[in-house]
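Going in written order, the chains are labelled A, B, C and D, and every chain counts its residues from 1.
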Amino acid sequence: MKMSFKRINLVVGVLFVGVVVLLALAGCVYTPYDPVDGDLMAKYGPPSAEHWLGTDEFGRDVLSRIMAGAGVSVAVSLGTVLFATISGTAIGVLTGYLGGWTDRVVMIFLESLMAFPGLLLALGIMAIIGPSKLGVVMALGLAYTPSVARIARATVFSLRQRDFVIASQAMGNSGLWTVTRHILPNCIAPLIIFSTSLFGSALLSESALSFLGLGVPPPAPTWGGMLSDGRNSMEQAVWLSIFPGAMISFALLGINMLGDAVRDLLDPRMKGAH
Amino acid sequence: MNQPLLSVRDLTIAFPCPEQGSRAVVKRVGFDLAQGQSLAIVGESGSGKTMIGKALLGLLPDAATVSGGSAVFNGRDLFRNTPADWRALRGTEIGMVFQEPMVSLNPAFRIGDQLTEGLVCRRGIGRAEARALALAMLERVLVRNPKDCMQRYPHEFSGGMRQRIMLAAVMLLKPKLLIADEPTTALDCVVQKEVLDLMLELTVQEGTALIFVSHNLSLVAEYTERVLVMCRGDAVETGPVKQVLSRPAHDYTLKLLDALPKRDPDAVPPPPKPPILEVRGLTVDYEAREGWFGKRQVRAVHPASFSVSPGETLAIVGESGSGKTTLTKAILGLLKPSGGAILFEGKDLLTAGKEELRSARRRIQMVFQDPYSSLDPRMEVGALVAEGLRLDDSLNRFEREARVAKALEDVQLGGAYAKRYIHELSGGQRQRVAIARALVVRPDIIIADEPVSALDVTVQKQVLDILVQLQDTYGFACLLISHDLGVVEQVSDRVIVMLRGHVVEEGTRDEVFDAPCHPYTQRLLQAVPELYGNREEGFRVETRKLPPARGDLRYFQPEVDGNQARKLVPLRPAGTGAAPHRAAVVDQAA
Amino acid sequence: MLSYALKRIVMALPTALIVSLLVFVMIRLIPGDPVTLMLHDATDPALVQEMRASLGLDQSMPRQFLSWSGKVLRGDLGNSVKTGEPVLELIVQHFPVTAQIVLAATLLSCLIAIPAGMVAAWRQNRWPDLSIVAGAIVLVSIPSFWVGIMLIWLFGVKLNWLPTFGFESVATGGWAALQYMVLPVIAITLTEIAALSRMMRASTIDVLRLEYIAHARAKGLPENRVMLRHAFPNAFGPTLTVIGLVLGHLLSGAAVTETVFTLPGIGRLLVESIYARDYPVVQGCLLFVALLYVFVNLVIDLLYPLFDPRIKL
Amino acid sequence: AELPEIRVAEAFDTPSSMPGHRSRNTTTDSITIHVAESLVALRNDLSVAPMLADSWKVSDDGKTYQFKLRGGVTFHNGAPMTSAEVVWSLNRMLDPKGESYCRNQYDGSKGAKVASVKATAPDAVTITLAQPNALFLQQLGNVQCPMAVLHPSSVDAQGKWVKPVGTGPYSFGEWRKGQYIQLRVYPGYAPRAEAPSGMAGAKKPMAHIRMVVIPDTSAQKAAFMSGQVDLIVADGENPPPKGPGWNVVVEQDMDANALLMQSKDPLLSKPEFRRAVALSLDMPALVKTLTNGNTVYNPSLVPVGTLNYTPAHAAGYAKNLEQAAKLLAASGYKGETIKIQTTKRYPDMYRLAVVAQNMLGKTGIKTEVEVLEWATQVTNFREGRFQMMAFTYSSRMDPAIMYGDVLGDKAVTPMSQWTNPEASRVLAGLKAEGDPAKRKAAFEDLHKRMIADVPMLHIYNSPVLIGVSKKLKGFEPWPYRRPRFFNVSKQ
């Protein structure tokens, strides 16, 4: 019972995430219908033999859109996570290691960025590079960067006191070497854990941005966009909300469980070291 | 007295294990304990001592199960207890003092609340009365100013103080049995002695039975009546302390006793050589923040001077927080000293250029106290050792690999070990990796900060042996820091004693150990009894006998003479050694 | 402690300055200005010039910034372009709405999430833990606007129990105010519970491994006392940080929830003024939000010593 | 007994309670039509009817208007309405310091230029224009920027707006910003005797009104279906489903939905290409999908069902893929992707863009829908920065205004869509033209020229679905989208 709980996390996490990834890959090569070009005469079709998950307001096949949307949603979330993790880690590790004034100044910037509303950030970025997936990735990525930086910085602070970092300095190693060979690898674990939870947030935030009209530009389908569009036609076409909603929850469930499992796997206490 | 208070039979404790289903860590252990009696459980690390104690309180980790045996306490089998029964038993019937004083008190609670809550919850005593009892108990454990103490938080106390408070908290409930799990391993010897004396006194006064878990055989010999020796979950020997320790029947017990550090009487001090490292009047200050933007200097090391010669081992001993680590950090350039000079081969490191400093650093290597935290957990052993050579341009790849292999061989970790990670090694092996890492660059000086205090006796012996042997081979100077006098006595050539940042005595090992002068040194040496003897003659516990110190000097005592001028004066005419035996006295001339 | 607070407030000034500057530049970089928006599809070049001039938008950006910050220093946040109302007044009108809902929701989620997290940790890997963790994961995976719309349809339309929009201040509306609060508060709570309970569970598990908990149990204390008096204060620290972050975030803009439930809060004010390019309002709001952030974090920091006496301010 | 209160959902709060102060939106107009009145009013067919003026005389040169005011009318504060207030109101609007958004309608920059306004007697007012203007009377009674007659107590001593004190059937009640605006029945209101039509005739207030601000469309629908509001202007695509407690009525509006084409763009500058676009679209089908058959294809800028609409305006483009292909080849189109700008703020625009993209794709014209935030799109529209754009013009009271906004020299006013000097001359000739028949003929002429030039594609006038609770009695739609609540009672 005790062990199996941990396994449930891992098994369900891997399974769900696997399904989503497969769906995304499948969506790239094949969809039953064109996901952006619908049959205008067949709009709001309920699930049927031809359209398993029904059609939307432009007669587009919901299944095809979900499949195509998987790729877009996963790509956008992944891009966001990579963006935030890489930039956040770089900033956090560097300032955490250097400390002093650099740290203080960068922290003030990060704090400002945190107080900055995501919407304005998204608007600004969209204005500069035009509405696009990249814009969403940058806006969300920038919005998440401070949190990642904070975590990285906190980890570095605690690592800096660890003897092996001091030992590296005592050996006469340069700061760059110490950071890249000793500090960075040891930050990875908490950052991986945080990144998995970020992935879920990114998926959700994209839908919130769509809700405010700033998401991935239509007609490219994303689950978040589909869900936020579907809310208007809830009485006449419930399936437009149910299926993308279910997919988001499904993916998030998978990601969160996988994240929990990864955390357990990376937890040294679970390894029986010591 | 014919009915023992606690009677353990065939106790077996197991953990689930993926490969075999379950793994017993305590195997069919049995013993009896009568009221008021004391029993020691000894054995190397991981032998299952703590598990026995926790099992008796029903506090085993979730994964562990008692898979067999019984423990009859006061006529009832403990392992048939319901959760409610356990709660009724804990504290009032069986109390436990834990190993780590630093983490055993709740940091978020006032001492007073932690002391009285047991009384209020378990004995149904009113608050006011509970307070009075707690105050009385604090007085008994010799806490200064008990009233004030009740209002304070644990972090405001030193380790020794906390351990006394713990003891008070447990004894307040007047348990019939006290289990003390390594209650003093984290403390320095002077404090250790104070706490143990107190514990014994309390149990004797209250008639409490005692189970004392320890790996320190000398302490066991001094403080308990009976002993149970554990080896990998088996009870290998049990009986009265005097008998077991002086005439051990089991090989394992003998091995434990053999591993006790001792002075090698045949060792000849190395001939004096010009010093390779000389520290002159080194002082170190820490900055303490105060108020708004204010800063205050706190002196951690007062002017200290000493020197080490090639091939020599200089030991620095002293209470916890006396500035030993700070001193080494300053030498390594990890801290900026506020004054003095550090001469390495005659050149001052403090004024040296960057390049010089780097090359000097490569020739001074450090072995840290805790091998687990001083070695990067994400690097293979081979890579860790090779890292030291990275900055040496004179070697090509093959030479480098050869050097690494040799270094690992030197510490007896040849072959496959190079591919392992740190968490795949035992404590002793880890520390050997740390030594190999220092050795690989063929340094002139190795600084070892408490290199063996995290290891248990048998492993400690291995590591020390290797260190001594390597020093003979390579002839490096060694700066050894330790609070374990046995270790120092075994390996050092000369000794420096520190107290609150001051050097209070210095001399050769024999001078300091046989004829200490400063009162603190004397206290230190007499604090803990030691086991003397050998296989043939048997072992006995003895407190060190010391000749009286020179009484005509006014010794400098930082607690009392804090701000007075001081100086080190030679105690006897200088012998053959480079530095004479000296002690700190108050400089009346100043 | 007072000096610490003062220091933090002084440290907030650069943050405020940077936020102001960023906002000032950013909002002017986005295409569209208030004048164009007001004129929409009507042809009128002369009027555009005139309105621009009257709003001071024809000056150079640094000059605009200087004159704006000069006024801010004198306590004047300017007037809304759209309505001419003083920005400060707008903030004073809208913020209490957000504060009321968000504080109630945060309180409620703490009341639910913290015990749930502790129970899960206490019964780690048994069925209560399993169900709480699974519940939290499910909750965390539902978008907040979706929760809001579902609540509206269920309780407003289908069951017709509660109003689906509108707002009353508790101060003036009394009991009637509560029924307006129920749905938005539940919507925010549902999404916050998950994060908080997960955090609380993790930190409680860490604390329960510590020696002083074993010591408390060894004294024979009842489990509820062990959990409440010994584990809680120590496990609450990390959760408090998260509460602070969440609170700062929510107070500065529960824009989605406010839109769904039609609450005239600061989040919606901000979003709408961004859409309308009402520069003074956006700038004023963001300055306020940045200071709010600093303030919330300060309060949280000042609360820490209550739970951990080791922390000295 | 307290009168019932009609609740109507509005998507946005009014920026200001005053007619045309600083800025306005539809909510402001809704307030104005209930609270204030002008000298004249528009009927359902947008013809001019008396309101505060019983009668008027226009001089032969078309510059002087003499109004005879109606007697017995009081403001909400009880004061009688006289020529002094009319003069005050118009002067106030013309005063640059008054910050009136509507000033341009009266100072000559957009509409007529008022030279002077004089009270010749307590019940007589004379307005003199600098030039004759055929639309002046209509503008006085327009829904947007009417010449609302207000009492001077509408402003405070410093001249700042307080709240409108008008003569309408409702007085301005409580305004909770961002939440609701309350209009209360004015008991002292004396309705006119004529039959009600549009804004004209008898207006009897029968219940208080509360305009509640609900920005989110699904929240609006939820509020409507749960009976918390009595009337919503529904999203045409997703109206409330059939229910026992409400009806959904269709109102033919004048908002103009069009597909714009930027003739400055190298590709779109070719008339062949623009025509190819027009011929690629199956307009009737397009309108049918977009409006669920609630309106028809209208190629003309003259709204269907209004005074100036004649059968000639029905002539538009018929889908002809063969010819489109030929024209494409002639224009040298090589499969470049064209961006259609649109916004999600207004679902109609978004859907138009998506459906157009769908249809154009079938002829081989590659397009990409670019969804912009509204403010960005408006800016692009005004600066002419687009290739194609789905855009909705809000309703204008007269086609001449609409043509005026569309026609122009792109070099001078980048927001003009159609540059054709000949057509501009025809339009200019209409300025002072009061003869209805001549006006009709001119509009037909303009339409013919526009179809020939293909500067933009007007597609349909929005049909509006209004959800009306069955508790409301007497509600009637009209072409101006703002629901009117006089003569409406609530049970």
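Criterion: a contact is a pair of C-beta atoms (placed from the backbone, for glycine too) under 8 Å apart; a residue touches a chain by one contact, two chains touch by 3 or more.
Which protein is which chain? UniProt says A, C = Peptide/nickel transport system permease protein; B = Peptide/nickel transport system ATP-binding protein.
Source: prediction; values computed, not measured.
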Contacting chain A as well as chain C are chains B, D
For the pair chain A and chain B, the C-alpha centroid-to-centroid distance in angstrom is 48
Where the centres are mean C-alpha positions, what is the separation of chain B from chain D, in Å? 88
Using mean CA coordinates as chain centres, what's the gap between chain A and chain D in Å? 44
Distance from the CA centroid of chain B to that of chain C, rounded to the nearest Å? 50
Where in chain A do residues touch two or more of the other chains? 2, 123, 127, 231, 234
Touching two or more other chains - residues of chain C: 30-31, 125, 149, 153, 259
Can you list every residue of chain B that touches 2 or more other chains, as numbers and ranges? 62
Those chain pairs meeting the touch criterion are A-B, A-C, A-D, B-C, C-D
In the complex formed with chain C, which residues of chain D make contact? 15-16, 22-23, 99, 101, 104, 109-110, 176-180, 212-216, 218-219, 222-223, 225-228, 345, 373-376, 378-382, 391, 393-394, 404-405, 408, 413, 415-416
Residues of chain B defined as touching chain A within the complex: 16, 62-63, 332-334, 357-358, 361-362, 365-366, 368-370, 372-379, 387-388, 390-391, 423-424
Note which residues of chain A are touching chain D in the complex, please. 37-38, 40-41, 43, 57-58, 123, 126-127, 130-131, 213-214, 217-219, 231-236
Touching residues on chain C, where the partner in the complex is chain B: 3, 7, 124-125, 210-212, 214-223, 225, 229-230, 233-234, 307-310
Chain C residues touching chain A in their complex are 11, 14-15, 18-19, 22-23, 26-27, 29-31, 125-126, 129-130, 133, 137-138, 140-146, 149, 153, 209, 248, 252-253, 255-256, 259, 270-271, 274, 282, 286, 289-290, 293-294
